[in-house]
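Presented sequentially are two complexes of chain A, the first with chain B as partner and the second with chain C.
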Partner chain A sequence: MKKPSRLDLIFSLLGACLVLFLLAPLLKMLLGSPAGELHDALTDGEVRSAIALSLTCAFWATLIGTVFGVPLGYLLARRSLPGKHFIEALVDVPVVIPHPVAGIALLLVFGRHYFGGQFFSRFGLTFVGEVPGIVIAMLFVSSSFLINAARDGFRNVDPRLEYVARTLGYGPLGAFFSVAVPLSWRNLLSGAIMMWARAISEFGAILILTYNPKVASVLIYDRFSTYGLKYALPPALALVLLSLSVFALLRGISLQRGQGRAA
Partner chain B sequence: MIRLSNVSSRRGAFALQSIHLEIADGEYFVLLGPTGAGKTQLLEVIAGVQGASSGEIWIDEENVTSLPPEARHIGFMYQDYLLFPQLTVRKNIAFGLHEMPRADANARVEEVARLLKIEPLLDRGIVGLSGGEQQRIALARALAPRPRVLLLDEPLSALDPQIRRELRRELRSLHEELRVTTLHVTHDFEEALALADRLGVIHEGRIVQTGMPDEVFRKPDSAFLARFLGVENLLRGNVARCDPPELHSGGAFEAVFEAGPLKLYVIAEQEGPVYAAIRPEEITVSGEFFPSSARNRLEGTVVSVEKVWPLVRLTVNVGVPLVAVITAQSSESLELAAGVKVCLTIKASAIHIF
Partner chain C sequence: MRAAPRLFMVLLCVLFGLGGAKPSSVALSAGTLRTGTAGGEQQQLIVFNAGSLTAPFGDLLKEFARLHPEVTPQQESSGSLDLVRKITEFGKPCDVLAVADYEVMPSPLIPQYADWYGIFARNQMVLIYTASSKFAGEINGNNWYEILLRPDVQSGHSDPDADPAGYRTLLLWQLAEKYYRKPGLYEQLNKTVPAKNIRPKSVELVALLQSGELDYIYGYRSVAEQGGMSFVALPPEIDLSEASKAELYSTVSTQVAGSKPGEKKTITGLPILFALTIPKNAPHQQLAEEFIRFALSPQGQEIMKRRKLTLISPALASDLEKLPKGLRSSFASLGKGRK
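Coming up: the complex of A and B.
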């Protein structure tokens, strides 16, 4: 093997500092807590239902994001839309604004007395203080992950492959599903995973829209501010373990298949 | 049949300008043009994946100008083949047969695979196939749904020379067998001569000339064409094996090429109607014959002498006109002028047969 250069040494050292900084709190949380606490947390009904709520709401947000976001990603990749740069910038905005602000902004549209809230109340959907509020808060802050991943994935598919499919008798939609989607599924899947994971980790916007029923992040904050660190730790530990393991599993699947194809 | 009348199409700064083109049923038409002349764009407009801003496109007595690609029944093959990487060879070929019952589709895949000699590859993936294999598969995929016309975008140019010659012959014999109306675009004039029933030349988005290959090559009607084609001695004729046949390596053999009154010894790889090209600098000019290894000795009369310092371009009638290029000094020492009798010597291996 080549002898590492001075650049390699300096950069490794700098990089290692940051990796340690990211790793230390997580490790401390995982290893520093007695196993009993985790058991307590997982048998605590309130913790369990909060985690279940986080997972299912994140799932719904991701599903809605996929149905509406993948087509948008395709258009951004393939067509020269009017105001394309504006749309691309807009998609990224929720990532940069403080999330309580996002929550307040959503409230101004989906609150009971505002346009969106009134419109959807006809279909029996209310957002503030309800589960759909959690879902739209998650959707708002995390959909950019999926849209961007889909756009980048479709950009990597040669449009001429779809042209060939068209000459072989497929309509535009047929070419999309038989060529563009299968060739960018890895981007779509990892985009969906990122969106789902980001949705689970959301706190600020959800806090504004729906404090109760509590999702896991709100429950942890609630316990921390009411009872202190000792009581916040077990549900925090449970949430971290659960979401990390699902995240790792899905990541593992998409990477493994990807490598299988490249080999 | 393909008919384009007054077709224009703009993409970015580049435009196809009022293209008129008619390709007869069962014809193999080659469109020759340099890189960037608009060849691929023209094919894409005919296939319908790019729009035409004006004009009409007819295929087999149907106006397809406003039809989407999937309704045009065209076989299209790109230069880089663009096989679907996620599918096996079999599924690639079956891709256009999705509306057929599965059993029929399978039978058709087998049939086309047999035709193109790729049966052993059917259950393999695309990754790791050679260029020649990919070319055959792409061709099979395009032919499987029995298209009304076949559009080939530089089908041979991504291959190495050995395979290219082989596949060129196969394209020709495949065409003899299937007689699908074909439009083939290329920048390679050897390829054009070897395959074309008829030929067109495209330059900067316009079709500048169409005709029989020898017409186009011998009478290029613009300075661009003459420069681009760059062949001055092109003869259409017939090649027949010498008796007794003397084999060279790689399937080549000694043969006699006949074009009207002219008879030349050549090295050929095929018999029958062919084109022969001779570069002007390959022709030796002398006052009388001298002993040499060259097999072709022709007597003729100088028709014209044109000075292109430091060279002289000589047209000599030997039954047909041949152009030779010699130095000004040689020309002076031979006292060449119109009407002078000269001897021409050409090595059999200097005559290129297509």
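Coming up: the complex of A and C.
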């Protein structure tokens, strides 16, 4: 084994500090609650349906984000659009907007008196106080993760490979699906995971649009403000463990695929 | 190099975004006030206050810091129960605690975390609306429930389990049923507020009101006045505003979340009173006393009145014996009947 260089030592030390900082609160949460409490949380019907609602709404948000965001990522990577830098910056804005402000902004578009709300109500879709409200709040705050990941992924694919596919008889759409998508698969998947995860964590914007039915983040805060820390920890822990396992599973898949490609 | 223009664009968009959303986000600023830096002689004054006291206490602290340049005020605003939790569960240091619901003082704060409390202002339940609310031109303190019962009117209240204004709405409906002699009025009014019109706190309700999603919301007069919104004042027999009607209010009660999920506890009607105290762990006891003396002085009262607080003067102390000596002249006794 090679002797670690000075850089390795210093960087490991610095990195370890941050890992510890990230790990400590999670560990404290894990060790601080007895197994019984976690079991209680997982068998509590209200907690279960809130977590299920969080996971499914985040899934729908991610699905919508994929359908509309991957094409946008491709255009941003490949075409010189008018106002491209503006669009790129705009995509990042939801990340920095305070979340209640995001919720209010959405309310002013999708409320019953506003354009979006009136348009979708023709198809029987209302947002305020309903599940679709949760989905659009999640979509708003998290889609930039997927769009940026898709854009970066497509940028790494050599356009000449797509030209080759075109010379072999594929149309532009065919080349996109048979060359660009498979080669940037890892970026797309990890972007989708990040988007899904960020969607689950959303609280402030959802609260404005839809309080009932409660997603996990809202229920946990509610438990905290109504009953105190002791009753907020177990559902929080259940949510962290569940999302962590889904996270690890999907990361594992994306990593294996990536290695398969490299080999 | 390319990052710079992009960052600039992001900032630009944020500014636009915030500018556009401003009208509805007025009530959202749970601001912290911090002036100057804590230098050698600087002393901190940590004030925890209920959201509805943010503006009056902000003004009080500003003036107090002007009179005492060595003081650096730190204001922290949130729901009354959250503030109490910060003290009881997190052990956060606090010099002056001012809440919108005096009943958190006798329990859980006294006797473990504080010895006394003083009642200094009162509030009342009102119906808040905007110019574009349905039937805004017609509604008044007598016909309000008839208007709210109309099928196309949307009304909302905060969550009874999460916010006192929520369970006070339920109490108000019961009092209204008695006062107007309309059996079944409580149930009828309860049906006018479906789950989708309930939000945890008044902040979110105000957003729904101002965006036209709701026509009327139940809330405090202080919230309406500080937000510059129109409101319907209700008869004092039902709006929980008068300490002298405490007995009448106590004839109604409702069930809210208890001490753990699944448990319920009974809440009895009480007048809505603002209270303050100096917690036992206050790091700057002397300064806290001085601030309270200032707040209750004619000058301080003038500042609070300007922010539309309905003051109780003189302020009433739960227990004159336990009051710090320096504060005895600022309070009268609350009396034996109520604690």
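Quick note on the criterion: the second predicted complex is superposed on the first by the 249 of 263 C-alpha atoms of A that agree within 3 Å, B and C clash if a C-alpha of one lies under 4 Å from a C-alpha of the other, contacts with A are read in each partner's own complex, and residues count from 1 in each chain.
The rule is short, and it goes like this: a contact is a pair of C-beta atoms (placed from the backbone, for glycine too) under 8 Å apart; a residue touches a chain by one contact, two chains touch by 3 or more.
Keep in mind the model is a prediction, meaning the values are calculated, not measured.
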item	value
Clash-or-fit label for the pair chain B, chain C on chain A	fit
Touching partner for A:46 - first (chain B), second (chain C), both, neither	second
First (chain B), second (chain C), both or neither touched by A:67	neither
Superposed model, angle subtended at chain A by chain C and chain B (C-alpha, nearest 10 degrees)	150
Which superposed partner A:231 touches (first chain B, second chain C, both, neither)	second
Partner chain in contact with A:173 - chain B first, chain C second, else both or neither	neither
Touching partner for A:211 - first (chain B), second (chain C), both, neither	second
If touched residues of chain A are counted for chain B and for chain C, the larger one	C
Smallest distance from any CA atom of chain C to any CA atom of chain B, in Å, after fitting	20
Of all residues in chain C, those that touch chain A in their complex	5-6, 9-10, 12-14, 17-18, 20-21, 24-25, 28, 79, 81-82, 85, 89, 159, 161-162, 194-200, 203-204, 207-208, 211-213, 257, 259-261
Residues on chain A engaged by chain B in the complex (per definition of touch)	158, 160-161, 163-172, 174, 178-179, 182-183, 261
Partner chain C, residues of chain A touching it in the complex	44, 46, 85-86, 88-90, 92-93, 96-97, 100-101, 103-105, 107-108, 111-114, 128-130, 207-208, 210-212, 222-223, 225-231
Contact footprint of chain A on chain B as seen in their complex	44, 47-49, 68-70, 72, 74-76, 78, 82, 84-86, 95-96, 98-99, 127, 141-142, 145
